[in-house]
Amino acid sequence: MVSNFVQEQLQEFRERNQDRGRLIIKCPDQPGIVSTVTAFLKEYDANIVELSQYSMNPEGGTFFTRIEFDCPGLNDKAADMQLAFQEVSTVFSMQWTFNHVSDLKRTAIFVSKEPHCLLELLWEWQSGDLLADIALVISNHEDTREIVESMGIPFYYIPANKDIRKEVETKQLGLLEEFKVDLIVLARYMQILTPDFVAAHPNRIINIHHSFLPAFIGARPYERAYDRGVKLIGATSHYVTNDLDEGPIIEQDIERVDHRDSAGDMKKIGRSAERRVLARAVKWHLEDRVIVHENKTVVF
Amino acid sequence: MVSNFVQEQLQEFRERNQDRGRLIIKCPDQPGIVSTVTAFLKEYDANIVELSQYSMNPEGGTFFTRIEFDCPGLNDKAADMQLAFQEVSTVFSMQWTFNHVSDLKRTAIFVSKEPHCLLELLWEWQSGDLLADIALVISNHEDTREIVESMGIPFYYIPANKDIRKEVETKQLGLLEEFKVDLIVLARYMQILTPDFVAAHPNRIINIHHSFLPAFIGARPYERAYDRGVKLIGATSHYVTNDLDEGPIIEQDIERVDHRDSAGDMKKIGRSAERRVLARAVKWHLEDRVIVHENKTVVF
Amino acid sequence: MVSNFVQEQLQEFRERNQDRGRLIIKCPDQPGIVSTVTAFLKEYDANIVELSQYSMNPEGGTFFTRIEFDCPGLNDKAADMQLAFQEVSTVFSMQWTFNHVSDLKRTAIFVSKEPHCLLELLWEWQSGDLLADIALVISNHEDTREIVESMGIPFYYIPANKDIRKEVETKQLGLLEEFKVDLIVLARYMQILTPDFVAAHPNRIINIHHSFLPAFIGARPYERAYDRGVKLIGATSHYVTNDLDEGPIIEQDIERVDHRDSAGDMKKIGRSAERRVLARAVKWHLEDRVIVHENKTVVF
Amino acid sequence: MVSNFVQEQLQEFRERNQDRGRLIIKCPDQPGIVSTVTAFLKEYDANIVELSQYSMNPEGGTFFTRIEFDCPGLNDKAADMQLAFQEVSTVFSMQWTFNHVSDLKRTAIFVSKEPHCLLELLWEWQSGDLLADIALVISNHEDTREIVESMGIPFYYIPANKDIRKEVETKQLGLLEEFKVDLIVLARYMQILTPDFVAAHPNRIINIHHSFLPAFIGARPYERAYDRGVKLIGATSHYVTNDLDEGPIIEQDIERVDHRDSAGDMKKIGRSAERRVLARAVKWHLEDRVIVHENKTVVF
């Protein structure tokens, strides 16, 4: 059965990475941060595998780093390390996260009628290319139940419309808590979320917008792209904030179109960009490569 | 000298293509157009080299075709052919043009301070890849005089600002007439043209806009792209109409940027897209591949 | 059920296109071909929707055209038209095909263990973006049976290895005949076909090769790409001929890789190009856009 | 005059970056390298601006890093720092370079008849986008003298052919020494270099090859690409080694072609990829972003 095969692959990944950790840091820039952090890691015999660092506006600016390391006996040391790092972080006013690579992020996928983005994520997951623990799928339509359940993933049908938004979100929030969800992916979920829902998951809701933002903000972007006669159409994946279509952009990509393509054709062609862009953004988030700063992202 | 070498190449091209013509047609769609037109060409012993046809909305829609053909003795036959085709075209209510490939379009390039788009066109021209007769360059700055004149192309310095727009355009229009110009390329010319100037050259003024239109319409697109945190920047080449940045799009392309790129970096990276996009749009126009319909283009 | 939904979509497509035909022609070039063919179509009241034409080496060269047209009552007229066109074609020594757009091509997909290319085709098909009649899937492994059968498509497991090639192909050929298959897609089918099998389906077997041919012809292209330190990896879709990896190329595309990517990573990244390239090539074939000439393709 | 303008820009860049340095390191991997190096920098009050690190095969593998930092008073401290770092480096068996960003690399460009790659570099340089000190151009043809000298760059004409290779290289080596050249760019220089010449400049000669290596190694790649019927053509920039076309690849890119493109058209289209790829590779080298390891490159 599909799901057993995937579970075995994920288990194998967890075991292979039980000593691997990631430290993600954002703080005001000043000399000595990297040396302090890396000296800290060395104390615990951690070997750095990949380190990316970037300082925005060197003087008086912001410092970002992502460090992936191998640390023998990480499971036993982790609690100690985090406690000790708390002190370091205070000195530098750091915002930081310390993740075990073997702790796959528990992910909820929201979808409406159009299945292509959901399917892309499921297929990548099934191939072992999307390293997440897909906890559940929530939809306001029944269309994708069959395929989701055939992969052994719980499917919840919650009809939704703008009149019952509060009630719907209460149910959804209950499920997200029950399933201990870390990440919400809106895979073409065509309902607007309330500020309360968004506030409960800061930088943890990834959306795919079917245009090259900020072109064609709002509804019906392909029809408007057709009307404008553009030669490229795009897709944008971003974190959801309360400003519709204005959240921090994670990734964008485009497809070429020409005069022979109707708005309907553009919609079909655009699916390819939507799938690709969303899958990339989700993978980067899962690998802790995306750091949000103001309304932008640093992607290491 | 550079210019002699280019002139020789262009002359060689003219001779090689003295029997080659192009017929570009737009009309209401109905059965029998292609057969009528191709039968007409056959009467004159023309052999079709490349034919592209497209019907927008088959029923009651619009028909477009571009036919490139070899016709022995074209120079002698051309006047006759055009006269005879007038009759055909009336039956089908055609808008059409009949061009000799050997008649290179006389082209004026307008430029301000930033030279990269002008230079791209000159370099392509010098390599024999841009088959135009570059008649003159007009600029509101002296910066590019040296390079332009070194290629044997007349350079006219006409200072400009919004207070003397009318006077400036009168000078420019005088030069365009004197040099019998067919095509105007705005290669980063930072002045707005008046409706009268635009009306005098319908679908004959090509502009390069330094954004992926309709994103960042108007001024300072790179700064605004930086502020929005986009991951791709673009460029758009379009025909100039009276609606600023709203004319029919000929070509668009993008470059990838990331969090390390400042607005200034984006500007530099964007130059590469601007150059490429403008050069492509101009080449397609020179080859009569672009047909404007309402506010869109068919590019064959 | 998935398959009912797809069948309804395909049926709707067939009905919408019952009057639409395509004429694909290849012949020695000479003046008058287009006018003769389009006059022929006009006699049957056909309205041309899209015509592409290309002449390779104008003088004494080869002529190619693809004409898509709407012809009221096509079903009743088709037999007559084909008979009549036989005469026309003799005069010009044409190779030609006359297709009803509503006759979807009956397609067999061959697959081994890796499912990504098969899945891409099934998903595009299920979305109504791949207009084929998928008749059956043949595999030398059982892995994809579940997903294939869940879509209502017959799945045949035929174990294969080089010692029993003849026997395996006899079974396969039997199925292809039984299911009246027009097109065979090798969606990462890892067995070599014999010359007899290939000869039975000229220009009707599409393969996806996991490299940017002719780089890395043969086995293990990703490992070799990794060893060479390339910065781009690719995929190539081509018609199968008896010269391994040497058949006419239909489409190619690439993905960017960098020093962080192992051979295994490249394999995963490459899947995205393989899926995209194969899906495009199959669609173009299904729309009769690909004409083979010597060892190349014209793609209209 | 062009050259004065460029010189002013470069001078402004030097002044702005007088405190900025780069440390590039390659060594056997082991825990503690980053912390040691960054602690070292901290001692000198250097603030890290951008740090990239990568370990190939974590266990027993190879460690690479590139650190860009601001260090007040760098000019005065540099000699000390390098001396002190010598000790650090010995402990870890490091290969390393310590560069002042304000020390622009002295660059020689070699060119034959085709000017497009030379012109791209000169134009980028002239726009302030290529931060090098272009010391001289050497060519076996006179064609580009005019444009080179018009930019105030010394031009040396040294006729070359395989019979006088030794003699030619002696002259070239003399010039390279006289002009204290750090980097040699072969911008479509169509002569083969001898092993002695190559050995004298390890990883300091960048070539542009007009194909997507390893496809079409050797001569006439566009003609062979045309014959094979490929749908993409490419260009590859690599360091020159004694194995022709086999050196470490720095960058590759492609352009799309179709059945209408002759070998001559592909050559023209390919120029665009060649220009872009070479310019990128040279820029990355100038920014010390490229580290060679065995026959591959790490590009930070």
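Per-chain residue numbering starts at 1, and chain names A, B, C and D are given in the order in which the chains are listed.
Quick note on the criterion: a residue touches a chain if its C-beta (ideal position, glycine included) is under 8 Å from a C-beta of that chain, and two chains touch if they have at least 3 such contacts.
The chain lineup, named per UniProt: A, B, C, D = Formyltetrahydrofolate deformylase.
As the structure is a computational prediction, the values presented were derived from the model and not from experiment.
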Required minimum of steps from subunit B to subunit C, each step between chains that touch: 1
Among all chains, whose Cα centre is located farthest from the one for subunit D? C
So which one's got more C-beta contacts, B-D or C-D? C-D
In whole angstrom, the CA-centroid distance of subunit B from subunit D equals 36
Centre-to-centre distance between subunit D and subunit C (centres being mean Cα positions), rounded to whole Å: 43
Multi-chain contacts in subunit D, i.e. residues touching at least two other chains, fall at 50, 54, 260
Quick check: in the complex, which residue numbers of subunit B touch subunit C? 29-35, 38-39, 41-42, 45-55, 58, 65, 70
Under the touch definition given earlier, write down the residues of subunit C that touch subunit D in their complex. 54, 56, 212-216, 228-232, 234, 248-254, 258-260, 295-299
Per the contact definition, I'd like the list of subunit A residues that touch subunit C in the complex. 1-2, 50, 115-116, 119, 123, 127, 129, 146-147, 150, 260, 268, 271-272, 276
